[in-house]
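You will see two complexes here that share chain A, one where it goes with chain B and one where it goes with chain C.
And now, the complex of A and B:
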């Protein structure tokens, strides 16, 4: 026990003395939360739209006005110059164009059957999808109001209006969605990078060999080297939560204690991975490379940027082995949905199992070397 | 019963894969003796030393360090030995006093004891006025003296030095050896590897290793007369040449 305190004292002295390290610990949550939460939004604004009006009628002007008044679009229009629209789409100065055919209004008035042609630059698939979705909803709204005004009771209603109601994040606010995710990233990165580099560093400078000839037990040494990052990562979580509350007013629907409890367990998984990495590497450079390798896989398969349901089947299977995914889901559930222990207990069990497996593996490997 | 032999080694062997790094070596070291372990690079010195310190498990053979068995009593051995490797082993980002406190602490010394020994040691090294300086700001020679003193802060029976004077100037090296002598007089056993042949002359007895075996063992004077050489350098070269033939 006394040895553990001696090691902890030394570790904390070294961490706080390292100016870069201690500054990073404070700056990372601030920068990541304040900048990334805004930057990493999936909301697309300022979609550049060109409407080619071949009809030049009252209704087509109304059509243009409707888009012009919509926040998501920056709308331009011309009359009948489709070639220009094509070339602009080619050079990338617009994201999509909508072509209103000649006789659009007349057709609507007589047969109620008409259409517009939408052409989208789909290089960025996500953006294209959203642009389509937005323009569709504008068009639908327009046609509905048109039918109503003209007294048609949608004789030939071919579309069903789907109304969405978004629970737990009613305004579909992406900051609300992203901030818990970024908190998860923060806690994971701090835990993983610092722990994987720390033991390797002692190996590199030769002090680990020195420690191995002292009466220090290996368990004391490992605990003493890993615990500081466990504390620091939990501190980061608390600090990040305060920032999230103050700057974004992110709700904390569930229990704060539950969030910290699951974080504490999750961090033992992360530190175990860090220990594993420092056991199989012998320089900080190698450790860095490994840590990046793991981080990128973990983060991309965590459901932060892409919904897991949208992944191919094999990738979904892979995510089952990703601790970050479980922690990400629990954090969002606790913070946004107010989930209680029973709702996330399965994640807690899985994380505990991961922790036991990875730590046993790392300690076994560590003993061998 | 007080044992007179600090180290006894019998038929110690270490095999890595199909390479025999240490091949069946046997020797004794008396208490208070300065025992030099010499040999070319890759002769197996460091491997042998690591086995004696408990950093490596031998493939076969036995050894007792300070009366304790290297297989069964490695924890007791660790309390009774000091070790200083060729790679510098203190923390650059801690101050002199913090380094001493840390190592003294993990050897289980009491607070008061740590303070006394630290004062005594800093006095001897003339570093009292700079005890709060970071290690990184000290010249290499000072660091090595400090590393040595820290390695023996718990007053071990035996201290293992693995090429302790690599990379320092002759005057600092001499100063370092004076320090070693002082402790040897007080009864500490010194086990030192080196490839500086002038340093070999400082040792009470020397073992010359080539290809994992002990090729010669004796006092510097005896080895010189045995090989009809004027200095240790010549002894070393003659042994290496015999081996080559």
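And now, the complex of A and C:
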């Protein structure tokens, strides 16, 4: 027990003596949260739109005015210059253009078939889809109100009134969704990279042999090496939560204790993976590469950016073995929805199982060497 | 020159011996491209939803089956009371609940109007928004067909440059930038810092070869691995995901080479400022990895970001490279269209190399 304290003390001194390291530990959550939460947004705003008006009628100017008043769009228009629109789309200075055909108003008034042409720059499929969706809904709304006002729609027509509400995040604020995710990323990366590179470092420099001949037990050595990162990662979580509250006003609907409890369990899994990588590699460069490789796969399959339900079946099966996914989901559920122990108990059991398996595996391998 | 070749050969043997590292470096592009290409998608299908049918008439069950048969939704929960709604959401699986008012069908017959309420779990705002909109248009279309209301208005949409709205057009260039940062910058930074850490750099520098040649020799194997990875990504992108390279292949390869050189000089720069590999790793991770993924227009469009952040992206080389590669690959742009971006990359190379030489000299003195 005394030995453990000595190692802990040594490790902490080593970390805090290194100015770059200690500064990184403080700066990382600040930079990540402040920078990334603003960057990681799918909130589509400022869609750059050009309307090519071939009709030049009262209704076509009403049409342009409607888009002008819409917050999603930055609207420009011209009369009949489709070539210009096409070249602007190529340059990338506009995201889409809408072409109003000649005789648009007349056809609408006489109930003949009419329509508009929308051309979208679809290189970014997700953005293009949303841009199209927003523009279509503005157009549809406009046409509906036009037809109703002019009395072309039968008052007796059947109509279903659909009301909707968005729970837990009524303003559809993307940062509310991303900040808990970035916190998870932060805690995981800190824990994984620091732990996987630590033991292998002693190995590379050759000091691990020296430690092995001291009266320190292997279990004490491992605990002493890993515990500091466990504390640091939990500290980062707390620090990050404060930043999230102060700068982004992210709610904390559920129990803070529950969040820390599941984080503590989750971190044993992460440190176990770090230890595992440490034992199977022999240089820091190798360890870094392995860690990078695993963490990219873990992060991509964690539902940080893209919902797991959208993935194909084989990928969903893969995510079952991804501890980051369970932690990501429970963090978001606790923070945003106020889920309680009963709601996330399955995740806790699974994380505990992961922890036992990976740590026994890592220790077994470590003993063999 | 012969000495130089010996040094390059030595580095190759070094990397060749470490089979595990080599395997990862060479297989990474294939694994990542498959993950990105197939698993990372924003398309909605089989989203788990709940139905709370207070009316339970013929029409509501028709609407429900219409919604489920669309393929976008999967019915996972039948809700029977108001109190259940919040519990269902807290359990986490259900993304949306559709509620029919009581006497739905008879209301529609009597008053020509009936009410549906949709509640979404908006913790993921995009998914919530998309799901609600899909559901709305499914219901509206159903009613139009059921009661024979045909609109006389059509919106005809064309998706330019990427007709099927495939994500591969984005992630092929994005993956190249990420891998270059990893291989070019991180790996070289660590490998050079290692020599410093162990003091073997001093030995190397006393050898008869010019010290710049020694560094150069260390970089060449990484340059070749990086080039190999780019080619794998381009081939897989074309063959598996059908990305057609519109512009000149020669120009594309030239720009890639330029970007590799940029990453290598960045790796060199990092190695000259870090005392230990741990520090080099932290700098690369913090300074390169996340900004490259997040601020380079790869996953998140730069145009959505606040102004001050858009300004910061100007200092991220990957952002310029992303524009270059997208223009050449997808729009068929020539060198004239991308000269500015190319000059930016060249500027970064000069800057990083200059700073490295400055630091390096200082270190040796």
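FYI, the second predicted complex is superposed on the first by the 352 of 369 C-alpha atoms of A that agree within 3 Å, B and C clash if a C-alpha of one lies under 4 Å from a C-alpha of the other, contacts with A are read in each partner's own complex, and residues count from 1 in each chain.
Going forward, a contact is a pair of C-beta atoms (placed from the backbone, for glycine too) under 8 Å apart; a residue touches a chain by one contact, two chains touch by 3 or more.
Just so we're clear, the structure is a prediction, and the values are computed from it rather than from any experiment.
Novice: Return fit or clash for chain B versus chain C, each positioned on chain A through the superposition.
Specialist: After superposition on chain A, chain B vs chain C: fit, no clash.
Novice: Mind working out whether A:6 is in touch with chain B, chain C, both or neither, as first, second, both or neither?
Specialist: Touch status of A:6: first partner only.
Novice: Decide which partner touches more residues of chain A, taking chain B and chain C as the two options.
Specialist: If we count touched residues of chain A for both partners, the winner is C.
Novice: Applying the touch criterion given at the start, work out whether A:18 contacts chain B, chain C, both or neither, answering first, second, both or neither.
Specialist: Both partners, chain B and chain C.
Novice: Would you sort A:83 into first (chain B), second (chain C), both or neither based on which partner it touches?
Specialist: Neither partner.
Novice: Quick one: is A:215 in contact with chain B, with chain C, with both, or with neither? Answer first, second, both or neither.
Specialist: After superposing on A, A:215 lies in contact with chain B but is clear of chain C.
Novice: For A:206 in the superposed arrangement: first (chain B), second (chain C), both or neither?
Specialist: first
Novice: Which partner does A:367 contact after superposing on A: first (chain B), second (chain C), both, neither?
Specialist: neither
Novice: Closest Cα approach between chain B and chain C after superposing, in Å?
Specialist: 11
Novice: Do chain B and chain C land on any of the same chain A residues, and which?
Specialist: 18
Novice: With touch defined as at the start, can you tell me which chain B residues reach chain A in the complex?
Specialist: My answer: residues 53-55, 75, 78-79, 81, 83-85, 87-94, 98, 102-103, 105-108, 151.
Novice: Going by the contact rule at the top, pick out the chain A residues touching chain C in the complex.
Specialist: Residues of chain A touching chain C: 18, 20-21, 24, 27-28, 31-32, 35-36, 38-46, 48, 89-90, 108, 111-129, 132-133, 136-137, 139-140, 143, 156-170, 172-174, 176-177, 189, 193, 197, 201, 281, 283-286, 288-290, 292-293, 296-297, 300-301, 305-307, 309-312, 315, 318, 329, 332-333, 336-340, 343-344.
Novice: Can you name the residues of chain A that touch chain B in the complex?
Specialist: On the chain A side, the touching residues are 2-3, 6-7, 9-10, 13-14, 17-18, 205-207, 209-216.
Novice: Along chain C, where are the residues that touch chain A in the complex?
Specialist: For this pair, the touching residues of chain C are 18, 20-21, 24-25, 28, 31-32, 35-36, 38-48, 89-92, 95, 108, 112-129, 132-133, 135-136, 139-140, 143, 147, 149, 151-163, 165-167, 169-170, 182, 186-187, 190-191, 194, 274-279, 281-283, 285-286, 290-291, 294-295, 299-301, 303-306, 309, 312, 326, 330-331.
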